[in-house]
Amino acid sequence: MIMSDKLVKILNGIKDGSLNVDDALGMIEGNTTVDLGHTKFDLSRPSRNGFPEVIYGAGKTPEQVGDIFLKLKDRTNLLATRVRPEMAAHVKSLCAGVEYNELGRTLTYISHPVDYREGEVMIVTAGTSDLGVAEEARVTCEMMGNHSKVISDVGVAGIHRLMERLEDIQKARVLIVIAGMEGALASVIGGLVSKPIIAVPTSVGYGASFSGLSALLGMLTSCASGVSVVNIDNGFGAACAANRINCL
Amino acid sequence: MIMSDKLVKILNGIKDGSLNVDDALGMIEGNTTVDLGHTKFDLSRPSRNGFPEVIYGAGKTPEQVGDIFLKLKDRTNLLATRVRPEMAAHVKSLCAGVEYNELGRTLTYISHPVDYREGEVMIVTAGTSDLGVAEEARVTCEMMGNHSKVISDVGVAGIHRLMERLEDIQKARVLIVIAGMEGALASVIGGLVSKPIIAVPTSVGYGASFSGLSALLGMLTSCASGVSVVNIDNGFGAACAANRINCL
Amino acid sequence: MIMSDKLVKILNGIKDGSLNVDDALGMIEGNTTVDLGHTKFDLSRPSRNGFPEVIYGAGKTPEQVGDIFLKLKDRTNLLATRVRPEMAAHVKSLCAGVEYNELGRTLTYISHPVDYREGEVMIVTAGTSDLGVAEEARVTCEMMGNHSKVISDVGVAGIHRLMERLEDIQKARVLIVIAGMEGALASVIGGLVSKPIIAVPTSVGYGASFSGLSALLGMLTSCASGVSVVNIDNGFGAACAANRINCL
Amino acid sequence: MIMSDKLVKILNGIKDGSLNVDDALGMIEGNTTVDLGHTKFDLSRPSRNGFPEVIYGAGKTPEQVGDIFLKLKDRTNLLATRVRPEMAAHVKSLCAGVEYNELGRTLTYISHPVDYREGEVMIVTAGTSDLGVAEEARVTCEMMGNHSKVISDVGVAGIHRLMERLEDIQKARVLIVIAGMEGALASVIGGLVSKPIIAVPTSVGYGASFSGLSALLGMLTSCASGVSVVNIDNGFGAACAANRINCL
Amino acid sequence: MIMSDKLVKILNGIKDGSLNVDDALGMIEGNTTVDLGHTKFDLSRPSRNGFPEVIYGAGKTPEQVGDIFLKLKDRTNLLATRVRPEMAAHVKSLCAGVEYNELGRTLTYISHPVDYREGEVMIVTAGTSDLGVAEEARVTCEMMGNHSKVISDVGVAGIHRLMERLEDIQKARVLIVIAGMEGALASVIGGLVSKPIIAVPTSVGYGASFSGLSALLGMLTSCASGVSVVNIDNGFGAACAANRINCL
Amino acid sequence: MIMSDKLVKILNGIKDGSLNVDDALGMIEGNTTVDLGHTKFDLSRPSRNGFPEVIYGAGKTPEQVGDIFLKLKDRTNLLATRVRPEMAAHVKSLCAGVEYNELGRTLTYISHPVDYREGEVMIVTAGTSDLGVAEEARVTCEMMGNHSKVISDVGVAGIHRLMERLEDIQKARVLIVIAGMEGALASVIGGLVSKPIIAVPTSVGYGASFSGLSALLGMLTSCASGVSVVNIDNGFGAACAANRINCL
Amino acid sequence: MIMSDKLVKILNGIKDGSLNVDDALGMIEGNTTVDLGHTKFDLSRPSRNGFPEVIYGAGKTPEQVGDIFLKLKDRTNLLATRVRPEMAAHVKSLCAGVEYNELGRTLTYISHPVDYREGEVMIVTAGTSDLGVAEEARVTCEMMGNHSKVISDVGVAGIHRLMERLEDIQKARVLIVIAGMEGALASVIGGLVSKPIIAVPTSVGYGASFSGLSALLGMLTSCASGVSVVNIDNGFGAACAANRINCL
Amino acid sequence: MIMSDKLVKILNGIKDGSLNVDDALGMIEGNTTVDLGHTKFDLSRPSRNGFPEVIYGAGKTPEQVGDIFLKLKDRTNLLATRVRPEMAAHVKSLCAGVEYNELGRTLTYISHPVDYREGEVMIVTAGTSDLGVAEEARVTCEMMGNHSKVISDVGVAGIHRLMERLEDIQKARVLIVIAGMEGALASVIGGLVSKPIIAVPTSVGYGASFSGLSALLGMLTSCASGVSVVNIDNGFGAACAANRINCL
């Protein structure tokens, strides 16, 4: 999985004796996955993706997540998403210093101070009901070293609310726009701002919103060019995309 | 299909001899459908629905539509929608005075002067590609006696274009808002104007617009309250809805 | 967000000294949003949309809704929709005079007498199971100043039930037609009445009704022209659309 | 594939010598499929299903259909459906006496006089555009020995047209109701008539009719009980279902 | 809503004095709906549809259903479907003699002996999990005067199970075939039997069965001609369709 | 349901007296279904399908499953899938020796030692959340006589984890690849390995994964040729397909 | 992309001088992709997947495909699928010896004699219209070294046709079952045969078959266990899956 | 639509006489839309969005596009997308210097030298069939001032092809990943690279790819975090998103 010029160097290293076969094998194959039995935790991800592996709480038991926090918290900062309150309680009972964000359903542990880069990620939501997704995005941004702020409840049904905040919005380096129902906020901001915009459709709405499908399709077919979209309710993914951009 | 007090009167009329049975039968059952063999044309519809039956060209042959125009044009004004150019040519060759609107694909014949009522129906489109649907709506409005005007290409990707026309838009009595892709224009206008709004999703777009589905779902789940929606590309239906309102 | 002739006046006002910059700023930008932290409540909506912002209970906590009622109930009449019984109980415990409609799941507080306009909004349902949606529509209509009445259980499987009520239905100024399953009631009434008709598909039904999709598609493709449609189970939206019309 | 008492008889026949093994084998396995290379034509179907195998023209070449008609026309009456005009021309050029119904796209050859049973199948359509499907149903009914008649253009947008024909409709033994768009005609007739009703959704309509999906879902969720449904545009299948019933 | 020759007779009756206006009005308009406040119960349905109105339990409260049983049980036999156990318990506590079928979720009360007609409705299911739908169908058939029997668990994965029962199946006058997953049983029986077949897709299955959609589509596109289909899990509707047929 | 040369032999057997009619009937019709009232259990399935009938727990009551285990456990090994914990507890209380796999939700009873064949079925999962489906597959494989092993958490987001295990994967005789979300693991393994691959989409994911639809469509349209797919979450079906292959 | 023990050997080879760096690089990175500008043709695929890269004609120009045949035909046998007649004509005009299968739309060139393995792949189709997909599968099987045969038109509407061929079907080593409409043939064969079965849904059908969706869902939810499925109309993919199995 | 501190400055400017009312009006309302009758061309977009309005050719006539090029080509560089060859020919006949990219279906005219910024946008495609979308993206990137390059045909079915190019891919500043079918390439690259990734699903594929839906869902649910997605086949939109990022 390595690049060929690096490979040439390794092979030459063996040839001239500066490397032994075992070390070369490690360099070629990598050796940074921690196997906890239930989970293979990928510690090498920062070097490849720019951020550590994040724990997806929805498909795990409280015991599994607790185990991950216990065993890895001193080696890397930890972020778990989609954490139900009972899971949070269990993990907190195991590890002092773990913090739970109830609205965003995130669990975090910071053992190494976060190294913030310049440039702010601005998170804008259409309604109050989108705040959980916004919090997931905000916490993820912060854990990855991005200053971030939430502006909420500026949906297009009262477009002057948006206009009042437009200057703030235009100052951000990267924008995350979160909206349910028809998701029109992404189109309107997309037409007003030249910065990168990650749109997050939410499952807010009922009936023909079909659990976020209406917002998803609306954002994908936005008449404002250059808006890109992540999965429904995926505040975490939007933050990762914003982080990839803000790292530039 | 008649109201019971009218029925009481008819029955009393028979009893007191002022009506004979045949006439009463006609009054109860109505007698206003013209049977052309291929089509039963409903001349009584204006009294029930406020406008004459309109010919849907898509499912008919040029010969059938030509026959309808020939046989009925002197009894009522005629409007046919979804008329392909060859169909239009055929009907025009049969009946002088028939007019074809190529963009809106409508065919019209006016034998009785249209009686216009007050109040304008304003038709607003997001893009140039929505103009065909807008023309179908405009011609239908006019045939039904409503002054109507089209404002085009004011989609939300450049929201200042809309703002420049907002005053005109606010003056209308009824609004028809036509947009494809994500259909966000309906939400934005819905938040800015207090007049009745009929939203028409169009099949403009590709990919995840799924032939108008994205705009349809977007308009149905609009965060601006009180926007109602008709079928995809249904300029005719929107005009009928606007006409029902403007007749008040 | 204001019209340009109004803008010319404001600018001239500054020039001739009759307006100071601060006031002009307020006039241009508006200043009618109340920020409660969790919610930005839009008090200016009546002037733009003809009715006050309505609280959507589904995406809020009982505490948030209680806070809105407490802080705003003396400034404007309040309507919350999709209110679960526990939420209602909480708000009622905070504010005396709040009323809960269990069937329609609405919560209302009237501090300023409602100013009724002429013209009745008639709400017609196909079945008993549609009554919750009908009540949401009726309460919303009333709060916005429209007399309104519900005629229920006149679905097309026993079309004589509808015929018996047809005269009443024809007297209304605006009609809201609510039906689940195949939603055929909208088509039948659409063919019999010339008044504006807002159709509301409901999620009543099972299997191939796909949570209201069958009624939604049926109403959108109605063979009766000029019927417009709102979201599934959206009694509130239908009432807003009816109110926009009845205000004419 | 045979019933066990018949099997006992055959086995006893072998035992007592009244049957030889070859004949018994034929009786157990059947021997009524004609193999034309491209097609295995099932001549035994009448005994199992009550009608001969029908040729589905859509998936065959003109040559294949011509070959079937040539080789089998003297052994059984033949019906082909979904026959394009070129295919019809080809087959007619091969076999004198073949008839093509252009509207219904059926091709028929009658070598044995059809044996009609009592009881009429009435085919009712909502609009003119449904006539092709109606013709396919009518020809199929007739070929299978059922008198049948078409009443067209009585859709619910002008429900009095239906009422005028109700008496005729109520006289039929079996009803086929054909409608596109929202398909409401099936519900209305279902509520007025106690006879068996086969509903056929058609692909007539556009936009949210999604090629017949709206009518299909509407008919499946009909509030009138006991309406059963066949595939979109499947006039042939409806006729087969009606034939199964009318044979009782 | 009445036929015109009957109407001519009524009108002539008034003319010749043999009918007074009030009675004629009743005859024309009918007068057989019982209004219970929450429900308009249609007592005239037997004359139009061949069976009494059936109570759909899913959209009603136990109190409403209890009220219907109490008030109407002496006027007509009663059948309620989709009745949850608590609702059943409530109604049984109000009315002695009410019977609850737990598997089929039906509630019945027989005040007038059911008048059975000849001819059996055979209900065939693919699996054990389809038995609830089968019971709903069986009870409905019986209440409407049709002898009926259930053959279960003869799905096509072990086709010899079906073959063993084929003779019984072929003896029925009408068949109801109930299957989930891919619903292939309807096709196989459709190819083996010449009697009318009503297919009922069930929501049995998971994943790509999409709550019955796979069985529904499979039955609609069955290669066996003349199989007609009702809504997913709609044992009641299938029984109504079978009853319409068996009444011939 | 038997092959014709076997049939010829049976018929000849009767003819020459070596078989009596009753035995022949049994040989032709088979006689291996056990009827438990609620369930027809098919004991002949191993001869036709290569494995015994498996009990699908989802659509049965604990009592029914308990009854099947009690009555049949000495005649054949038993496997039940989709068994909820309460059902498992009930069956275990009835029959000693029954084992419950909580993760895979399987219940097994082994009365006859499993006869293992050579060749391993390797089960590979993308994430920890896919382990339940993997366990269902593994237990089914083992019960049918296939050695099988699970390699988990080697999804493509960290493709080096997969590469580390590639050698093991390439040694298997048959592969089952289990993944949710976009299901890309099947494509990547499909491109690296020449062995038969059964892909199982899982419902792991949220939003646009639409309960497994995204993984299902992704696997069906895999750019790696020769990957075949079973239903969403269908570990059991994948094991059956692998068993059919491994039996070769 | 290579296994680690092979890697150890290569690295040791460099160390002891038996391999130079360039050769080792080639062994690690492979060097078997031919770059034709428009296409990177993967010659190493046989070693990884067991068969050469196949050209997908649908997304290429006749010129591109012609170029691939010209440049590679002497290095490997070639198979192109989804080849339109004009494309075939162009390639044949460039390279003598290329063969076009019109029904299966495949183009083949055999420069190296195909090495057939034992065991037959049997391809079974429900109807005549499925033959194109069957031919694509058959040609692909043959090119990959598998004897294969097509049995057509044995769909379940006349299940005795299938029974007559059952013995032949049971003799095959691997089965490909191809069916459109409801796809029930896969379930019926799945219940009768213990061999591996690859099911191919086809787009044969109309209306609710939704271009093959009904057959696809039906096959995925088949009640016969162990049937796996490939994409709609994907005869090629089914053959690749069968080849993976038959190579065991 | 302007920011409030800029507004304060303008208002103060009027007050102190440094601005007259007309100029202030222009500054507040903007004045940069060119109205060509059929189209309102938005020249102010660069200041808001960072790139000029692009002409969407699909919904326009050749005459309209020709008119836009003629009238605006000297004021701004022009790019039209989705241009059919006849449209291209027409425009080229009107304006010398217009260039048509047949594969990408773009039409360009450069009157002002493009000002390139640093940082390359790398466009990676899974297959040859994705090249048209890649070209649309590449041309758009270039027109907006971004160096860009296409790496094609490195889909995951032969993952070593991707590995050979990985170093080049990792050097880019922004990545556009284009793939049809299951779209797995985005996940694999997403796991290997830390740069911003815009994924473009294409409609390449058939059957269950449902015109790009499979790739779209796959990319939205990618297990690689931080991949964002644009509409199906939307090379243009991806380029706009990349441009927003590369402008940072």
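A, B, C, D, E, F, G and H are the chain letters, set down in written order, and residue numbers restart from 1 in every chain.
To be clear about the criterion, a contact is a pair of C-beta atoms (placed from the backbone, for glycine too) under 8 Å apart; a residue touches a chain by one contact, two chains touch by 3 or more.
Not measured: the values here are computed from a predicted model.
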| item | value |
| --- | --- |
| Selected from D-G, F-H or F-G, interface repeating B-C by over half of its contact pairs | F-G |
| Same or different contact residues where chain H meets its copy chain G, judged by the half mark | different |
| Most remote chain, CA-based centroid, reference being chain C | G |
| Relative orientation of copies chain A and chain F, as a Cα rotation angle in degrees, nearest 5 | 90 |
| Distance from chain E to chain C - Cα centre to Cα centre, in angstrom | 38 |
| Distance between the centres, which are taken as Cα means, of chain F and chain D, whole angstrom | 40 |
| Interchain centroid distance [CA atoms averaged], chain A/chain D, Å | 58 |
| Whole-Å gap separating chain C and chain F, where each centre is the average of the chain's CA atoms | 53 |
| Junction residues of chain B - those touching two or more other chains | 1, 4, 29, 48, 127, 157-159, 163-164, 190-192, 207-209, 216, 220-221, 224-225, 231-232 |
| Each pair of chains that touches, named by its two labels | A-B, A-C, A-F, A-G, A-H, B-C, B-D, B-E, B-H, C-D, C-E, C-H, D-E, D-F, D-G, E-F, E-G, F-G, F-H, G-H |
| Residue ranges of chain C touching chain B (in the complex, touch as defined) | 1, 3-5, 48-51, 54, 119, 163-164, 166-167, 170, 173, 190-198, 216, 220-221, 224-232, 236-241, 243-245, 247-248 |
| Complex interface listing, chain E residues touching chain B | 4, 7-8, 11-12, 14-15, 21, 24-25, 28-29 |
| Contact set on chain F toward chain E in their complex | 1, 29-30, 33, 38-40, 42, 44-45, 48, 53, 56, 58-60, 64, 201, 203, 211-212, 216, 231-234 |
| Touching residues on chain H, where the partner in the complex is chain G | 127-129, 131, 152-154, 157-161, 163-164, 204, 206-209 |
| Contacting residues of chain D [partner chain C, same complex] | 126-127, 155-159, 181-184, 187-188, 190-192, 205, 207-210, 213-225 |
